[in-house]
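Heads up: the structure comes next, in C-alpha cells.
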Amino acid sequence: MPPAVKTEVKIGRMILRNPVTVASGTFGYASEFAGFLDLRELGAVTTKTITLKPRRGNLPPRTCETPAGMLNSVGLENPGIDVFLRDKLPYIAGYKVPVIVSIASESDNREFIELAKRLDACFDAAAIELNISCPNVRHKKLGTGAYLIAQDARATYRLVKAVRAATKKTIITKLSPNVTDIVSIAAAAEEAGSDALSMINTIAGMSIDVGSRRPRIGAVLGGLSGPAIRPVAVRMVWETSKRVRIPIIGMGGISDTSGALEFIMAGASAVGVGTGNFLQPSLSAGIARGIKEYMREHSIGNIKMLREGLKYAC
Amino acid sequence: MKAFEKRVKILSNHSLKKNYFLLSFKDRDIAGAAVPGQFLMVKTARGLYPLLRRPLSIHSCSGGKDGRIGILYEVKGPGSELLSFCRPKDCLEVVGPLGNGFPLPGHGRDVVLVAGGMGAAPLFFLAERLTADNKKRRIHVLIGACGKEHLCRVKEFSAAGCSVLVSTDDGSRGRQGYVSGLLESFLDKPGNVSVTPLIYACGPRPMLQAVAFVAAKYGVPGYCSLEAHMACGIGACMGCVIPVRDQGGREEYKRVCNDGPVFGLQEPDWGKM
Amino acid sequence: MPPAVKTEVKIGRMILRNPVTVASGTFGYASEFAGFLDLRELGAVTTKTITLKPRRGNLPPRTCETPAGMLNSVGLENPGIDVFLRDKLPYIAGYKVPVIVSIASESDNREFIELAKRLDACFDAAAIELNISCPNVRHKKLGTGAYLIAQDARATYRLVKAVRAATKKTIITKLSPNVTDIVSIAAAAEEAGSDALSMINTIAGMSIDVGSRRPRIGAVLGGLSGPAIRPVAVRMVWETSKRVRIPIIGMGGISDTSGALEFIMAGASAVGVGTGNFLQPSLSAGIARGIKEYMREHSIGNIKMLREGLKYAC
Amino acid sequence: MKAFEKRVKILSNHSLKKNYFLLSFKDRDIAGAAVPGQFLMVKTARGLYPLLRRPLSIHSCSGGKDGRIGILYEVKGPGSELLSFCRPKDCLEVVGPLGNGFPLPGHGRDVVLVAGGMGAAPLFFLAERLTADNKKRRIHVLIGACGKEHLCRVKEFSAAGCSVLVSTDDGSRGRQGYVSGLLESFLDKPGNVSVTPLIYACGPRPMLQAVAFVAAKYGVPGYCSLEAHMACGIGACMGCVIPVRDQGGREEYKRVCNDGPVFGLQEPDWGKM
C-alpha cells in the first residue's frame, strides 16, 4: 500500500481536500467539464466571474494564440447573478465540492458589496473571489496610469475592507500582474481582511496580424495567459509569499503537474489551472493526482512540507 | 451529447493534392456518438507550440464496431503542418465529438450542399448519412474553389450518389465564379429541386454570407457551419462568439463551438461579422 | 526591377539605413556574430551594457529555458568602459554601422554621467542607451516597491536630465515592463530630453526545478525574454507610441519578420532582435531583408507608412 | 575558428539501445573545420518549443569530400525527444563547429580517455583523430555507466584500436563502482601507461571532479569537457559561465561555450560548482 499523503489545505474558512482548483473563466460553470473529469477530484471549483447584471462581453474575435500562450478579451460575458444563482451554482454544488464564486463590478464598489451580500446568504458558495484585476474591462482612471482596482493599493484596501464588512464568507482577492510592486497590493488586501490571495490574472497584451495589418483581438488589447507567463506568475507568488501570511492560490500557465508544483514550492497553498483546461479538459484532476504521486515518490507526507521545502538559502 | 478526451492511433494520413490531407483513425466511442456537422479539437503538437488544439470537422465516419473517423484538412499554419507530419501508428490526442451538428432534413426532402474550399469537410459526412438513410431524396452538391487544383472530394461525392456541380473562381473547371453564383443559377432553374429544398453550406465567411443572401432571395431555408477562433471548443471560454439575431430580432452573442458550429443561414448577423 | 523601398529611419541624430538593430546583451560585442551575417546589413549595432568598472556578473546557472522564452540573470558581466573603448568599440565601428552603446550604473547617477561623458568624446559611439531597467541588478529601494530607476518616473526624469546635460549624443532610454504604467515613465524620459525609447527590457521571472526543488537560476530571479513576452512588449509599444513623440525601438520576442513588423505597426520606428539571435545567429540581418520584402509585396514605399498603417479606428 | 549556420540533410538517425541514438549528416564545411571536443548547436523543434538550440558534441567526423558528422545523444527531455523523431532526408538546422576543442597530446604520448555515460560522445572523435595520426601511442579508454545497458560505444572504441576498460555502478559489467575508481586503480598499476600520460575526461560534473581529484593525486595532467546550460553557444550571452582559477589562483568566470567546453582538469573551481 502506498504511504498516505495529506493534501488538505485551508483557505480562509474553507477546507480543500487537495490544493487544486481552476482559474476563473477557464472552466465555465463546471458543467462543460463534467464529462471529462470527476469534479469531486478537485479541491474546489472556481466559477467564471459574475456581475450583478448580465453582460454581453466584448467584440469578437476574443481569443488568439501567441507563443506558448493566448490572448483573451472576453470582457466578462456572464448571465448575471440571478441566473447564476438559479441555474449554475446549484449544479456545481451538487458535486459536494467547495465553490469559489468570482465576482466583479462594472462600476463602483457598491456592486461588489451587493454581490457579496447576495452570496453571503447562499449556502452553496464556499468563498467569494474578488476579481479586481480583469484587464479586459477598463474602469475610469484610478490614479497615475492605473485602470484596475488591483493596480492601486489604496483602492484595493478600500474595496476589500468594504466587502469584508458585508460578508463572513471566505474572501479571496485576485491580483493583477500589471503592477510595479505586487507585494504592496497583496499587503493592502491582507490588511483589509482578505482571507487569501489568488494570483495572477492575465498580463495585458496585444498581437497584430501583419498580413491584414489588424489587431488579432476585436478589443485590440487582451489578457495574456498560458505557459508563457508562468515564470512571471511563479516569481510574483514567491515574492508575495515571503511577505504576507494569508494563503495564496497560485496560477498562471500551469499545464502539467510540475508547473503546479513550481507554484507550491514558491509558496502557494493551492493552485488554479486556467488555460491548461483548454489544452486538456481533464488536466485539473490529473494534476490533483499528479501532486499526490510526486509526494509519494519523494516521501513527502504533508503538502505543507512541499511549500516550505524550496532548497534555497535566503 | 457525450464527448470524449482520447488518445487515438492514426490509421492513415496522406496528401490528396497540394496542401490537402486526409487523416483517419479508429475510435468506437467517438464514431458512435458523432453526427454530421460536429468537429474534434485536435492536439497537433507534442510540446507547447502551437499551444491550442485545432478544431477540425469530422469528414467521414463509420459507426459500429469499426468506428473509423476521417479528417480532411488543409495545411495552413504550424498546427496543420505538424499534423501533416504524423504517420500511421502515431498517437493523436482528440476531444470530441463537439458542437451541435446539422439538423437533418425531413423525409424525402431534397438538399443542396454548398461547399467552399475546405467546406467540403463536414458536408461529406452529412452526405454519407443522407445517402445511408435510404429516404428517397436528391442530394445536390455544389463545390467551389479558387482553381481546379483546389477542388477536393468531387469524385467521392459522386460515388456516394450525389449529383455534383463545380465552380472555380478562375474558371479552370466548371462554372467560372463563386459558388454562391453557382447556387443562384442552380436555384434559378425550375425543376432542379423539389419545391423547397434545404441548403447546407460550409466555407469561408464571405461565401456563407453570399449563400445566405441567395437563399433569402429564393426563399430557401438552410444551415451553415461557421468557423471562429476557438480556445476550448467546449463552450467554456466564451471566446468563439458571433453576433446572431434571435427570433425577436434581438442581437446576442452565441458560441460557435457549443451553440454551433451550425446555425440557421439567416441567424448570424452577417453585417456585423 | 523590384520597386524601391525606403527603410531609412532617424533616431535622434542618428540615421539607420534600416529599422533593425539588436537588443543589448544578446549580440555580445558583435564580433561573435560577424561570421554569421554581414554587420553592415543592420541599421545599427547595440552593445552589451557597459559599466564603469569591470563586473563579474551573477552566480551561475545564469540561463534556463521556459515555454517559448528564457530566463537570464547575467548580472551585467562586462569588462568595464576602458577595455570596451580600447578593444571592443573600434572593432564594431570598423563595419561603418552606427553603434549604440548601452551603459548602466552600479550605484548612483554619477556613474551614468561619467560614462556618458566618456562616450561623448568618442567618435565611434553614435548613441548612448541608458539601461535603467536591468532586473538582474537590484538597487536599493527607490520608492514603493521600485528597485529600478525605470520603475519610478521621477528617478527616470532626474537621471535622463542629468545625462542630457553631460552629452550631445543621441540618448535612448531603455524602459522596464515591470511597471504599472509604462507610459508615465516614457513621458518622463521624453520630458527630460531623451531622444528615443528602447522597450522592453526583460520581465522579472522565476523557474523552479521541481525534481531538485531548487530555483533554476543561481540568483533565484531572472529576466524573462523571448517570443513568450512579445504580446506584452507590442502592447506597451502601442500604448506608448500613442502618447510620446520621440521614436521607439521596439523589442521583446522578435523571432521572425512578422514579429518585427508587429512592433512597427504598433508604432515603433525601429526594432531590436534579442533572444532571437540565439535561435538563429543570422536572424537580425534576415529580418532586415524580410521587412524590405514585405514592403515590396505590399507596395509600401516608405517604412513610415507601415508605422502609421494599423487598420484600426481608435 | 570558423563556424557555420547551416541547414543539413539527415543521413541516418537510429536508436543504439534504450534512449541512446546516433544521428549522422553530411556537411563538408563543418566536417572540414571541426576538431575533437567541439560541439554543435542543434535546433530540435520546428516551432518555438523547445525554444533554444541544444548543444551536442561532435561524436565522429570524417573530413574531406565526404564530410560526414555523427552525433551520439541520449533522449532526456523535449529537445532530444524531438530529435529522435527525425528521419533520413529531414532537414536539421545546426550551428558549428563551436568551442575550443581538446589540445592534442605530444608525439607518442599515451592518453587515457575517461568517459562517464554520454561523455563518450566527444571522446570518440578524439580517439578517431589520435588513431589516425599514426604517432605510436597507446590509447586507453575507461568507460563508466550506471549499468551495462547504459554502456555505449565499447566495441567501437576497441575497433578503432583503443584498449578499453569498463566499469558500472551496479557491477553488471566490468569493475563495480565509479569510473573515477577505475581510473585510480588503472593509474595505480605501474606499467599501464608511459611515464606521464594525458587524461581526457567527459561526463557528469561529479564524475569530472572525482577524475580531477584522482589525476591530481597521481600527478597526471589532463583535460575535461564540461557542460553548462547554453542559450547562444557562441560566447555572446555570458550565460554558460563556470568559476575557474587562473594561473595566479584568482577566481574568474569563463564561458563553457567559447572559452571551453574543454578546460584543464584543475582549472574549474570544483568546490564552487
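The first chain written gets the first letter, and so on, giving A, B, C and D; residue counts start at 1 in each chain.
Rule of thumb we're sticking to: contacts are C-beta pairs under 8 Å (C-beta built on N, C-alpha and C of every residue); 3 or more make two chains touch, one makes a residue touch a chain.
What you see is a predicted model, and the numbers here were worked out from it, not measured in a lab.
Trainee: By mean C-alpha coordinates, which chain is most distant from subunit B?
Mentor: The most distant chain relative to subunit B turns out to be D.
Trainee: Between subunit B and subunit D, what distance separates the C-alpha centroids? Give it in angstrom.
Mentor: Distance between chain centres: 54 Å.
Trainee: Could you tell me the distance, in whole angstrom, between the mean C-alpha positions of subunit A and subunit D?
Mentor: The separation of the two C-alpha centroids amounts to 47 Å.
Trainee: Centroid from C-alpha atoms only, then distance subunit C to subunit D, rounded to Å. What do you get?
Mentor: The answer is 36 Å.
Trainee: Which residue numbers or ranges of subunit D touch two or more of the other chains?
Mentor: In subunit D, residues 48-50 touch at least two other chains, as defined above.
Trainee: Which subunit A residues reach two or more other chains?
Mentor: 67-69, 226-227, 255
Trainee: Linking chains that touch, what shape results: line, ring, star, complete or other?
Mentor: Graph shape here is complete: every pair of chains touches.
Trainee: Under the touch definition given earlier, write down the residues of subunit A that touch subunit D in their complex.
Mentor: For this pair, the touching residues of subunit A are 67-68.
Trainee: Given the complex with subunit C, which residues does subunit B contribute to the contact?
Mentor: 48-49
Trainee: In the complex of these two chains, what residues of subunit A are touching subunit C?
Mentor: It comes out as residues 66-69, 71, 144-146, 151, 153, 178-181, 183-184, 203-208, 210, 212-215, 220-222, 224, 226-232, 234-235, 238, 253, 255, 258, 261-262, 265-266, 294, 309-312, 314.
Trainee: Touching residues of subunit A toward subunit B in the complex: what are they?
Mentor: 25-28, 32-33, 35-36, 48, 56-57, 60-65, 67-70, 72, 74, 77, 226-227, 255, 275, 277-282
Trainee: Where on subunit B does subunit D make contact in their complex?
Mentor: Per the stated touch rule, the residues are 45-50, 78, 81-82.
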